[in-house]
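Scrolling down, you'll hit the structures one after another.
Next, two complexes with subunit A in common: one pairs it with subunit B, the other with subunit C.
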Partner chain A sequence: MSKTTPHSIGARVLHALALAAFVAFALFPLFWLLKVSLTPDDLMYGEGVRLWPSRVTLDHYGSVLRHSQFPLFFRNSLIVSAATGLLATAAASAAGYAFSRFRFRGKAWVVGVMLVSQMFPLVIIVAPIFRLLAPLGLTNSLTGLVVVYTAFNTPFAAFLMQSFFEAIPKDLEEAAMMDGATRFQALRRVILPLTLPGLAATGGFVFTAAWSELLFSLMLNSSAAVSTFPAGLLGFVSKFSVDFGQMMAAGVLALLPVGAFFLVIQRYLVQGLTAGAVKG
Partner chain B sequence: MATITLSNVSKDYGGGPVLRGMDLEIREGEFVALMGPSGCGKSTLLRLIAGLEEPSGGEIRIDGRRVNEVAPKDRDLAMVFQSYALYPHMTVRENMSFALKQRRLPPAEIKAAVEAAASKLGLTGLLERKPKALSGGQRQRVAMGRAIVRNPKAFLFDEPLSNLDARLREQMRYEIRKLHRELGATSVYVTHDQVEAMTMADRIVALNDGAIQQVGSPQDLYDNPANLFVAGFLGSPPMNFLDATLAPEGALVVEGQTLAHVSPPAGLAAGTTLTLGLRPERLALTDPTEGTAVRVDVVETTGTGRVVHLALGPQRLKLFTMDPRPLAPGDVVGLVAPPGAPLLFDPVSGARLS
Partner chain C sequence: MNRTLALKLEPYFYTAPSLLLIAAIMLVPLVTGLSYAFHDLILLDPLSGDFVGLDHFREMLDDDGFWTALRNTVVWTAVSVALQFTFGLVLALLLNRPFPARGLVQALVFLPWAVPGFLSGLTWAWLFNPVIGPLPHWLHGLGLLATPENILSDPRLALWGPIAANVWWGIPFFAITLLAALQSIPKDIYEAAAMDGAGPLLRFRRVTLPLLAPTIAITVMLRTVWVANFAELIVVMTKGGPADATQILSSYIFTLAFQRLDFGYASAVAAVLLLLLLAYAAAVMVLRHAMTERP
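Take a look at the complex of A and B:
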């Protein structure tokens, strides 16, 4: 790697170009989101293809925050995502610990069923889930969403937590047990503090997944009072026009919490995804 | 301090037995080494005593009390792990206090106990450090400190020195031994290193293939191995094994040459083929006219002496000598096996014959 032959310089330039192209491709829609959210209505179509409008405005943000129901959707999303993050992470930690540490009958089956549950396109099961939740009073309710999101996010989160637990040597909890701790005390005093980054990463992952979920939010809830923001975004589409400016401004606002969250946890997330692989 | 008694203890994970019906009594204050190659079941045996695994059969008693169903935390045994298993998020002091806090001892008492143990192990200046800021040798000491601070019934060591370099290993061997003498606590020490077992243990339990091969003092196992496994495991360079035939009047013939004489064991007829065991350091060199003529193959200098690889027909053997005579590959020299040196084994079962 340290040798700088013409060949390797060429290869590195190509490598950098490929990366730059990928990043540009991936981030351009986000840039467009920001650009449109700042474009005044009168320039929306006139300067539609310009990379940056000749005038920018924060009017769209103002009207989204003051005159739309977006703050309500935002609050609903926050409640649903936070609750889902907490519940799914708690369940996933327990399951991940069991997968990592215990041998029990039917373990392979449980893991298999959890994997299979990840394979269905969710569209297929929206209708049956609606039929199940309706008599329970869980449609048009934030609780219903929390239940569904927790159920669908726990399997992957459990595998993620398992890989974090695998990275912690069994010797540590055995040492704690020799030192007079029960298994649960060993978990609480030795393993849990070491898994905090893993818990944060898993929690963040689930939070983000719930935050941006549209399908169930749209199908299970019809009342605006319990809409989450992805469903709420559709409210900017009316029969006759689409208010792109406000819709994009709302999108940028919705991006902020997850963006900040991901910035904090991304290091741990990558660590967790590779921990199991490296250990073999 | 405690006695540990195993009666017919077995362990099976479902893929065939790992331990087959073991009986062993570890006496109060004794230092016992469980020695054998990897996969012999020695670590499993230690984990059964610790309570980290449950036996599939048999009974384990500590001080006469059956502990098969007793949780590790209630056995009052301390264990030193091969990986040290220090709690990475705690300082040395917190690592060493863990067990005492678990028992809810008063803080002043914990502080005194930790500091006494730390000074005994030379850790006083390191108490506020985290494990990652320690060297391998220091980590090893903290693992020891975590064990002795509790004053447990017995110490269990699972290959505690195998992650250290040779020099440090030798020093820790000495320190563990000295610590044992001071504390007088029953100790069970798992190792695959015959030098550790020989130098540290009061008694060695030689294990192979999930079964006890022999139990005895290091010297006893060295001088009187019960079978080929024990004979070959102890000693460096290892014992020579030669295919030999028993001739009349106890002569042992290897490749047509008489190599040694024994008083023939009862029940062995002349003409029987057997395995002849000879320790390299029990053999001596002489002129080719006086001893059995063998050819020098390779000469290795160790400092204290030389290890000479010899060829006797197609068979090879080693000899350790401090004899200063000049030796070069290809030389023919005489080999003498003094009376008492030859050990005879059944070539099929491996059992000792003499």
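Take a look at the complex of A and C:
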């Protein structure tokens, strides 16, 4: 397919129609989530499959925010995801920088370890991690989740950061080092400011992953006081499985922070991948 | 002298934090977890814990649940990845040419990627629910279903529910990575090909596809491994049911470990899954190497 503008009107119409189909497919399930969350209880069954209810209400949001523990789950998720985003991005940018700028003994092994860590079913390490963290007081704790999520997300984040660093010419820090700066100073003053979009994209990516994680949140934290949103929502679903309005209102609320984050960072993700990771 | 030593050690300072964390939280537990595969380990049973050698692996040979899950894993992974890839590639090609409001359209079509996995599972489970979801009625209207019933409770059809959710959710991943790869192809290559009289289809086959091939190989491999391990949609949407009809290996491991509390056998199944995935990844890497070596 060429990058030149479509020649005929027919091609342009086809192009627009195909894109419209993709947009509709991507948004329809989310639209439905929103629709049911706004449908009043008395219309839920009668108008369950209509495209839009004859009346809308914010009652479900009201009861989720006032009479459930979701505000607490929301706060827990926010703390865990923000801390994980910061820590994993910090660790991953250091590693990604080393991958991009140094040739060193054992590099292939380090990269290999990170790849293998992405290959196995995480279910297999739930019990060992529980036994590792319990004596340290890190089960039923938000800190424990941050530690675990940081480890899980660092490998991919490191490869992503590597690709952002590859996009920055090496001459830049070499020039700074010629002027007497140490490499670390050059990294901090010259390179990091240039990678800000990359750091934001990586941080946002990790934030989203931590926000979405269900298995370890469920297994490591049993107390509601330290439950994150996914575990809370799943508990709610199995307890009140017919209260569709409230479940979907909670679902919409769970979606807000990650959706907003994603809309801001998605173009940096494409830019970062263009820069390096895909060179093979 | 000290300075050269410091310079030599520098890359290790940068990689150490990540590496230590990954080793402590992932690799050591992985080794422990794999060692469970050779032990009789039932949670809450103080009498268990003996070394049983390869007993779990022998048990697996006669376990219908294991074989069903293995077959389902292949179907689930192959169909999901093939559809995600095909639609992702088409979407990337559509986005790779200028049109009005491109930034907005791109943000909207990539949005499913931001939806947490469990939530896309729940959302699709609700869409398939005849009471509040439109899909059974649409499928009935199209003549694909005899009655507007929930396919998630039909053992023959249930796996298609999580697959639909997975395709919806995974298209953006391929679209993003393939779009990035498309944008890094220099424009002059196309111009040269066009000057030589190559039409759009020929340019796609001779220029785009070969230049995308390395990206395609690596993303398909990563995604395959990832989708094969991805139990969340199935656990949330069908819990592996009805009657274990939608169990894939990773959800089967989950069920064995956390419902039957049989950690020993669960770890043995996980070890088999890991071996299969490593063999697959190695095969893809060899293939990719052979492809790029060719002049």
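The criterion applied here is as follows: the second predicted complex is superposed on the first by the 248 of 280 C-alpha atoms of A that agree within 3 Å, B and C clash if a C-alpha of one lies under 4 Å from a C-alpha of the other, contacts with A are read in each partner's own complex, and residues count from 1 in each chain.
In the analysis below, a residue touches a chain if its C-beta (ideal position, glycine included) is under 8 Å from a C-beta of that chain, and two chains touch if they have at least 3 such contacts.
In this text the structure is predicted, and so the values were computed from the model without any measurement.
Of the two partner chains placed around the shared chain by superposition, neither subunit B nor subunit C is touched by A:Gly62.
In the overlay built on the shared chain, the residue A:Leu194 is in contact with subunit B alone; subunit C does not reach it.
Of the two partner chains placed around the shared chain by superposition, subunit C is the only one that A:Pro128 touches, whereas subunit B remains out of contact. Contacts of A:Gly46 after superposition: neither subunit B nor subunit C is touched. Of the two partner chains placed by superposition, only subunit B is touched by A:Pro169; subunit C is not.
Once chain A of one complex is fitted onto chain A of the other, the partner contacts of A:Gln185 are limited to subunit B, with no touch recorded for subunit C. Considering which of subunit B and subunit C touches more of subunit A, the answer is C.
Once the two complexes are overlaid on chain A, none of the subunit A residues touched by subunit B in the first is touched by subunit C in the second. Those residues of subunit A that touch subunit C in the shared complex are 1-6, 12, 15-16, 18-19, 22-23, 25-27, 29-30, 32-33, 36, 44-45, 48-49, 51, 90-92, 94-95, 97-99, 102, 104, 107, 110, 113-114, 116-129, 131-132, 147-148, 150-152, 154-155, 158, 183, 208, 211-212, 214-215, 219, 230, 233-234, 237, 244, 247-248, 251, 254-255, 258-259, 261-263, 266-267, 269-275, 277-280.
Looking at the complex, you find that subunit A touches subunit B at residues 169, 171-172, 174-182, 185, 189-190, 193-194.
On subunit C, the positions that touch subunit A within their shared complex are 8, 10-15, 17-19, 21-30, 32-34, 36, 43, 87, 90-91, 93-99, 103, 105-120, 122-124, 126-127, 130-134, 137, 168, 171-172, 176-177, 179-181, 183-184, 187, 190, 194, 200, 203-204, 208, 214-215, 218, 222, 225-226, 229, 231-232, 236, 249-250, 253-254, 257-258, 263, 266-267, 270-271, 273-274, 277-278, 281, 292. Across the interface of their complex, subunit A is touched by residues 50-52, 71-73, 77-79, 81-83, 85-89, 98-99, 102-103, 146, 150, 156 of subunit B.
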